[in-house]
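Have a look at these structures, which come just after this line.
Both of the next two complexes hold subunit A, though its partner changes from subunit B to subunit C.
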Partner chain A sequence: MEYNDTQHKAVKEFLYKIADDQLIIGHRNSEWTGLGPMVEEDIAFSSIAQDKIGQSLHVYEILHSMGEADADTIAFTRNAAHYKCSHLVEHPIGEYDFSLMRNFLFNHAEHLRFEMLASSSISQLAFLAKKYKGEIKYHTMHSNTWIKQLGLANEESHARMQTALNETFNLALGIFEESEFALMLNEMNAFEGERALQEMWFETITPLLESASLKIPSISLLQPAYGGRKGYHTEYLQPLLDEMGAVFRLDPEAEW
Partner chain B sequence: MRFITLVNITRQDILKALDEVMDPEIPTISVVDLGIIRKVEIGDDCSVKITITPTFSGCPAIKTMENMVMDKLIEMGVTNSEVITTFEEPWNTNMISPKGIEGLKKHGLAPPEKHNGLVQIEILEKVKCPHCGSRNTTLKTPFGPTLCRSMHYCNECLNAFEQFKPVD
Partner chain C sequence: MQSIDPRINRLDLPANDDGKKILSELEQLETYEVFHQKKRGDQHVHCGIIHASSHEMALILAKEQYARRRQTSNLWVVKTKDIAATAYDDTDIFEATPEKTYREASDYYCMDRIRKYQQEHGIKDRKEERRNKKESV
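Up next is the complex of A and B:
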């Protein structure tokens, strides 16, 4: 598909948003490697991290084919203001309940997004979406299992999961910050829109949280954590980027 | 080393040669049987273009496999070749050949069950034990030592085992 200048810009912004979310939550998940509460969880978080970082790579490669720098340069040399990720993914890993709840809310949004994108007019992205949704199915399975187990296990685990939900919910709403190009992407049949995605997401997670006896905070009373998609980030992103890119920046020309 | 007159090289010759290129992590299954070789194109000038697709998008072995395929072509005497990786026809576990399924078993892995295009997560429960054949097994975790494997436990023969997990 041939894009005019504005369409080109719209598609690039959209791809950055998707890939940046995946890279940053992938990096955060990898921080559990060696620290997981039991070996299976250590492996689960590490595998999910590997999936998400691998997935971001192929989206960055589409951007490269559209004239952006190569994937490593894109990932390791931009500063926070040039990242388009949501605040949800930037936060430190916290306690395990926080990381589990963040993944639960993120994975479902991500899975539904790629289901929608499987028929996107951005054909390279549609190929990836078909592939990714099969992989992310294992991520949502992992999240669903733990949300339910810990939601129902005992008073302490329930209280901790409820607190984690209360802390992450407005951050998760920030995933769905609408782009200035929303209408254009919709008209191009590239992406239906964040609002439609948020509605599907809410319908999906509601019964799962209810079956775990967790109470969903009232959306109307919450201020969604917007800003990430426009380059305004939490204080946590820049230190993460500094650490993530430290080795690359030592010698960007190095052969690996 | 086989000698093939390059003028007459066929798709079959190439697939036969690539059947000797084994998965770097599971040495009992070839890249052909794994189903990741999606296209073999031979140009009028006898140049060869191979299209491969990764099992998992985060698979760290894909570059290695590209190089192994390229090395095999060079060994055959094909000097003008290209190996590309795309997702146009994404891989799924139904693409593993019957010989490939046997190869997985030989490595001690339970093969993925065939699916109808959509993997229901329930098929991860009650996977057939590769040691004793029982289905009285329990899924321990859907994540294993590599992205493509899940971990299980057999309640009959009391062995832990891994499955090459189904993906749609």
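Up next is the complex of A and C:
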């Protein structure tokens, strides 16, 4: 598809927010490697983290094909103001309940977004959506299993998961911050829109949380954590970027 | 006894007379045996164990441990405690008496006769064909 200048800008912004979310949550989740609650889960969670980083690479490669810098430069040299990720993915890993709940809320949004994108007019993205279908499905299954397990296990685990849900829910709503290009992307048949995605997401997670005996905070009382898509971030993002890019910046020309 | 895992030490487990920490049942999840199937229709082959809190959790964790780096179409999990096994003390029941080797497949020499029959009736040996094909590649 040939894009005019504004369309080009709209698609790039859209790709950046998808990939930045994947990279940052992947990096955050990888901080659990070696510290997981049991070795089997450590391996599974690390593997999921690695999957997310791999997904972001392929979205950055689409951006590169549209005239942006190469993937490593994009990932490791931008500062926070140039990142388009949501606040949800930036927060420190906290305790395992927080990380599991964040991953649950994020994975379902990602899964549904990629289902929508399977028929997107951005053909490279539609291709990725089909390619990663099974991978992302597994991520949601992993999340669902843990949410149910800990939501129902005992009083402490239930209380912890409920607290984690209360803490992460308005952050998760920030995923669906609408873009100024929303209408254009919709008219291009590139992406239906964040509002439609949020509605599907809510319908999907509600029965899952209920079956884990967890109560969704009332949306009308919550202030969604917006700003990330426009480059306004929490205090946690820049230190993460400094650490993530430290080795790359030692010698950006190095051959790996 | 100090564990090398700091999380175990933090658990503040009850100590016995030696001051050693005792792991009760709950501090370690039970094990499940995992069976891996490469292609649909193949046998499921035992490949190892997994710690898990339920069958569902065992399947989710087994996927990453045992199916990440090879072709897989299906996994089974079974609680280890649900497996019935013969006793190693009874291993002698599997020993065949030397004069009864006719019970073992290796005691039969019939490939010569099969090949001869195939040649006489113009039947191609598919295994042989596949082997030749592989070698020529």
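Note that the second predicted complex is superposed on the first by the 256 of 256 C-alpha atoms of A that agree within 3 Å, B and C clash if a C-alpha of one lies under 4 Å from a C-alpha of the other, contacts with A are read in each partner's own complex, and residues count from 1 in each chain.
What we mean here is this: a residue touches a chain if its C-beta (ideal position, glycine included) is under 8 Å from a C-beta of that chain, and two chains touch if they have at least 3 such contacts.
Keep in mind it's a predicted model, so treat the numbers as computed, not measured.
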So, after the overlay on subunit A, do subunit B and subunit C clash or fit? They clash
Examine A:211 and indicate which partner it touches, taking first as subunit B and second as subunit C; both and neither are also allowed.
neither
Go through the superposed model and pick first if A:44 touches only subunit B, second if only subunit C, both, or neither.
both
First (subunit B), second (subunit C), both or neither touched by A:55:
first
May I ask you to decide whether A:149 touches subunit B, subunit C, both, or neither, giving the answer as first, second, both or neither?
second
Does the superposition put A:189 against subunit B (first), subunit C (second), both, or neither?
neither
I'd like to know which partner A:130 touches here: subunit B for first, subunit C for second, both or neither.
first
Examine A:79 and indicate which partner it touches, taking first as subunit B and second as subunit C; both and neither are also allowed.
neither
Which partner reaches more residues of subunit A (counting touched residues only), subunit B or subunit C
B
Can A:6 be said to touch subunit B (first), subunit C (second), both, or neither?
neither
Subunit B has the stretches 1-9, 19-27, 55-63 or 127-135; which one runs into subunit C?
127-135
Interface residues of subunit A shared between complexes with subunit B and subunit C:
40, 43-44, 47, 138, 141-142
If we count contacts the way the header does, which residues on subunit A are in touch with subunit B in the complex?
40, 43-44, 46-48, 50-55, 57-58, 127-128, 130-132, 134-135, 137-138, 141-142
Using the touch definition from the top, list the residues of subunit C that touch subunit A in their complex.
7, 29, 50-54, 56-57, 60-61, 63-65, 68
Applying the document's contact rule, which stretches of subunit A touch subunit C when the two form their complex?
37-41, 43-44, 47, 138, 141-142, 145-146, 148-149, 153
Quick one: in the complex, what on subunit B touches subunit A?
56-60, 86-88, 90-92, 119, 121, 140-145, 147, 151, 165, 167-168
